[in-house]
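The two complexes that follow have chain A in common; it is paired with chain B in the first and with chain C in the second.
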Partner chain A sequence: MKIRISCKALSEELFKLQGVVSQRSTLAILSNALLEASGNTLTLHATDLDISVSTSCACEVLEPGRVTLQARSLFDIVKNLEESSLELETEDNHWAQLKSGAVSCRIVGTHPDDFPHILDTSNVELFPIGSEVFLDMIDKTLFSVSTDDARANLTGAFFKVSEKRTLLMVSTDGHRLSKIETRPEEFVAGDNIPNALREGIIIPRKGLAEIRRTVDVKGPELSFGILENSIVFKYGPMSLSVRLIEGTFPDFTQVLPRESDKRAVVQKDLFLQSLKFVSLFASSKTYNVRLSLGPEGLQLYASDPDRGEATKTVPVEYSGPAVKAGYNFRYLLDVLNVLESDVVSVEIIDTLSPTLLRDVDRDEMLFVVMPMRL
Partner chain B sequence: MLTWAEIDGQQRALAVLERAITTDHVHHAYLFTGPPGVGKFQVAHAMAAVVNCLARAEGQFADLCGVCTSCRKIGNKQHPDILFIEPDGNIVKNIKIAQIREIQKSAVSAPYEARIRVVILNDAHQMTEEASNALLKTLEEPSMRMRLILVTDQPHRLLDTIISRCQAIRFGALDQAVVVSRLELLLAKDGEAVSKELVAVAAGYGEGSLGRSLAIVRSGMLEGRREFLGEVLGIGPGQPRALLALAESWSKAGEAMGERLDVLKLFLRDVMLFKTSGERRVVNHDLLELVERCAMPATIDDVLEMIAHVCRAQDLLTRNVNAQLILEELLREFARFNYSGNSGKTRVSA
Partner chain C sequence: MRKIIHVDMDCFYAAIEMRDNPALRDVPLAVGGHPERRGVIATANYPARVFGVRSAMASARAMRLCPQLTILPPNITKYREASQTIREIFARFSQVIEPLSLDEAFLDVTGSEDFQGSATLIANEIRRLIFEQTGLTASAGVASNKFLAKVASDVNKPDGIQVVAPHEIDAFIAPLPVARIPGVGPVTQQRMKALGLHTCRDLQKRSLEQLAREFGNWAPRLYELCRGIDERPVRTEREAKSVSVENTYPHDLPDLGACIQALPPLLESLERRLRRNQHAAAIRGIFVKVKFDDFQQTTLERREIKEPTITNYARLLESAFDRGKRPVRLLGVGVRLESEDDEGPQQLELPLKR
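Coming up: the complex of A and B.
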């Protein structure tokens, strides 16, 4: 392989790979990137076996071929070159010789066949999905994805195309649940939606985080498709495939509380600020904060034998009977932090039933937090 | 990585595995047991490659091709689905629970590109207690496309519950002839010239373990053997200075100290065998005259007693007793042994 390429273009593409190349894997090859030159493009691949990123850029191919080089160090090398272009040529022992202006170096490489199998994503049927809407869906659900490997099916977000052609994303860790259902303008799907999507798939946490990191709302169009057991995202020249989590997502409709009349509407900023204040007195083991709804308003209370106790009452629109329940305040903060509206609704049914938090302006999403025993 | 055909002297074990592959009944977990250095790990490695070789049709056994991408990656230990778990650590080496968790994490999903994911736990007895208990769950509920191979030379150190969840495959000690031919091959590959005679002696020392024989050749212990035995057997009573000097220089030898005791033990064994059945089974064949000279006047009981002394010295050394004192004591016994039965002369004149 022999190519001539602009340093800036190469370092930009290499940057996109850095999120998935791992330094500390037992499999040394995973810290490498696979470079493929053919036609007049250079394609770069990197994978951590769960997420694979491929990206390409234009370059002058003097001799087509493939090589794998250490992704991190190649990025560092290219970033620090002063000239505008460089020439990369592989040797027989799979090392690569890099020349740029006065610089000449040899970089250790390995046989390209040692690189893990890369999914061929060129023939996947893609559905456009508005990047703004999709990123919003990730924001609203990512925080409640479980981190407990013992329940692998919860370590990702459930994603499904419903019969009404809406996109549904749900995540839960057993203590709380986030659900959002949207209908992006960009998403026009006929009857050819893959079965997997109709039934729902589980996208792992890391894959969602990686999308969140690389996709920019102002960037090119984002589209997705299903290939074997991966979901493939295309974003400009870049394609990102994420291996789906096998297993079934629990039937979450059962834990969703039914509409109740005990709905309280509260100013979000005030609620957030009060919660932060009262939580200063929450136990550092249980993070427990008690919410009580009554005629005098929403009362927040926390106590800890080592710190003392505190209450704060915030005004609410509420007409139901008095109820109270205890929560892990961090779960409440997580929800309030992702809501954009000025007012939120809180529905406490009783001390032990799941509590519902909603954005009053946006019906399409809801958040459930399980109370703690007081 | 060796191919199936290149593995010598373990036909019985290989036959069991071949049959499992042919009938497509590869057990979910195997326990490879047997002395160290007889090819257990090699078989496990080759097995992982055979099962996944792209050139092999499913449901029939064929040796690994060695050239397909799967075989290449497995040979280089760069295959994403073949996990090698080895004892790890700076001071105490063992297999930790984090390493077992790693297996469990990968077991959740289907193999990345292999037909069957293979996990090889080398020196499985080095698992910590927590790691062993964590592994039980994986052994209990194996995933469809994953096989475990536990390799160990000390199965008694594994939990009974682990052993009962695996199909045990016993690997025997290798025949002397197999060790000799393999050893010659390996040494030739590394360009090391070692005489045929020494190779045969090393094979004897290894007691059917290729790995140990190779280590013995590499340690250079064989070359110094004659001189060293001469020194020990040359000591007689009334030479306290020579005895003390020898003990002192010996106690400073560090690692080699244990090896030298092994040499002594094996030499005494040869003496004993020579007395009862002639030269046929003698390991130190190149030192036959020395063996003979020693064997002549001694009784079997004398030799047995000396072996017991050497064993005791080895035992004490592991217990952190002052090395020089142990060796002085041992050499004193040798001085007596060398002298006994001889009228005023040691058996080997120093």
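Coming up: the complex of A and C.
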């Protein structure tokens, strides 16, 4: 294989592989990228066996062929070149020689046949999905995806086409839950939506994080489809396939609090800033902050034998009975950080029941946080 | 100044068997598991100890050391009965009793008016009553704290007593080998040896800072123990922090499937134990323990899983097995219980169905 290619173009595509290639996998080949040159295109692949990325860019192919090179170090090398283009040529031992201006280096490589099989995504039926909407769905749910492998079905976000054009994404770690439903204009699907999507799939955390990292709202169109047991995303030349989590997502509808008369409406910035202040006094072990709703307003309280105690009261619109509950303040911060309205609503049913937080003017998303037993 | 007595029965299980069958009295005898089924020795009598047979030793090894050794299977019901009698005797002299096992306990007799408050006389009376009512001998240690009392009870074993009066503490503790300090196992002992630390006197010469450099968080405790200082109270009600059962298999379980098949009987006995103890405390988590054929051991605990079901244990076992991926010689399952140490708020779970 021998190619001449723009450093900028190559480095942009190599960037997309970096989240997937592992630094310390037991399989050394997984830290490599597979490079394939043919026609006038260089195609790059990387995989951690659960997530695979393929992408491509134009190049001058002087001699078609394939090679696998260490993806991270190749990225570091290309990023640091000063010239605008480089030449890459494989040697007989599968190493590669790289020349760019005054630079000449030889890079360790391995036989391309050792590289794992990459899912062929060329025939997947794709549905366009607005990248802005989809990234927003990820932002609203990723933080509450579980990191506990013992509950594998919670280590991804539940994704479902609920009605003809409505997309639903839900995540929970067993302590809190985030739910968002949207109807992106870009998403037009007829009756040919795969059954899996109608029933709902679980997209692993890392796959969502990779989409978040590589997709830019200003970039090309984002579309997705289902292939075997994977969800495939296409974004310009990039194709990212993510192996879905097997198992069933728990029935979350039962934990969604019903409409209550205990809805308090509060200025979000004031709430956020007060929470940050009071949490300075929260125990570093439990992160507990207590919220009380009453005629005086929303009172935040934290205490710790090693720090002392603090309260702050913020005005609220609230007409329900006095009620209070304790929370891990980090869970509340996570929610406040993704809410968008200036005023948000807090619904505390009682000390032990799920508490509901949401934007006052955005019904399509809601957040549930379970209290701590005081 | 407190007055603490440590009472320790002499070769308890073996002594009961010898009492009930005098023919066993002068032969090397042990109570424990079958050597061909990977049993371990629970107790050995003194004739067996001459050959180097010790408790916790593999029965097979004990048989190699002493081929004429008689190994009896344990009769826990019988031992429990004797233990009950002994505890009733303790209760005549103090309300502050901390049983460590069936055959061992601490008593705090500070402020006792029996025998004009002489802990030594109380200890001797306890030993006399034990012999009178059970035919078994006990050794006692009398001192101003638990650590010293426990070390002392071993000094004149069997059927003996050792008193460490306050003015004798320094002389008693200084020549004591480091291995006698609770927490100093073979590994620490080797490390201490390499540092030239053989006795408590050697440890006393090190500053707290020096000890901290070598032994980390444990240093303050070590610093006190090597001076014979131990402020731990005699705790009357030992709160169980966990309940568990384990089994060493006669033949290694070759793979994960075999391990999972071995779960149901283990869980049954765990359930029995949970029922018997009638723990009011809520279950706060579950754990599994796996010992592989290379003796590597791993424990995996999940605090958020509160139902000791076979599915939950199987899932945990799978992850634990993955850490070694070798044949397994021992499996254990257990539950962690709520304890007073967990004061403070606890995160509640969303009521999701699993």
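Definition applied: the second predicted complex is superposed on the first by the 367 of 374 C-alpha atoms of A that agree within 3 Å, B and C clash if a C-alpha of one lies under 4 Å from a C-alpha of the other, contacts with A are read in each partner's own complex, and residues count from 1 in each chain.
Convention: contacts are C-beta pairs under 8 Å (C-beta built on N, C-alpha and C of every residue); 3 or more make two chains touch, one makes a residue touch a chain.
None of these values were measured; they are calculated from a predicted model.
S.K.: After the alignment on chain A, I want to confirm one thing: do chain B and chain C clash, or do they fit together?
M.R.: Once chain A is superposed (C-alpha atoms), there is a clash between chain B and chain C.
S.K.: Counting residues of chain A in contact, which comes out ahead: chain B or chain C?
M.R.: With both complexes superposed on chain A, more residues of chain A are touched by C.
S.K.: Does chain B (first) or chain C (second) touch A:58, or do both, or does neither?
M.R.: neither
S.K.: Tell me which partner A:105 touches in the superposition: chain B (first), chain C (second), both or neither.
M.R.: After superposition on chain A, A:105 lies in contact with neither partner.
S.K.: Considering only the touch criterion stated at the top, classify A:322 as touching first (chain B), second (chain C), both, or neither.
M.R.: In the superposition, A:322 contacts neither chain B nor chain C.
S.K.: Of the two partner chains, chain B (first) and chain C (second), which one does A:352 touch, if any: first, second, both, or neither?
M.R.: The second partner, chain C, only.
S.K.: Classify the contacts of A:28 with the two partner chains as first (chain B alone), second (chain C alone), both, or neither.
M.R.: A:28 sits against chain B, while chain C stays out of touch.
S.K.: Pick one for A:149: touches chain B only (first), chain C only (second), both, or neither.
M.R.: A:149 contacts both chain B and chain C.
S.K.: For A:283, using the defined touch cut-off, is the partner it touches chain B, chain C, both, or neither? Pick first, second, both or neither.
M.R.: The answer is second: A:283 touches chain C but not chain B.
S.K.: In the overlay, one of 9-17, 153-161, 297-305 or 315-323 from chain B clashes with chain C and the rest don't. Which one?
M.R.: Superposition on chain A puts chain C right on top of 153-161.
S.K.: From the superposed pair, tell me which chain A residues show up as contacts to chain B and also as contacts to chain C.
M.R.: 149
S.K.: For the complex, which residues does chain A have touching chain B?
M.R.: 26-30, 49, 110-111, 113-114, 116-117, 149, 152, 229, 243, 245-247
S.K.: Spell out the part of chain A that touches chain C in their complex, as residue ranges.
M.R.: Chain A residues touching chain C: 148-151, 172, 174-177, 250-252, 254-255, 283, 285-286, 288, 326, 328, 352, 354, 368, 370-374.
S.K.: How about chain C: which of its residues touch chain A in the complex?
M.R.: 302, 304-305, 315-316, 319, 344-354
S.K.: For a test of understanding, state which residues of chain B touch chain A in their complex under the given definition.
M.R.: 69, 72-73, 76, 78, 80, 83-84, 101-102, 104-105, 108-110, 112-113
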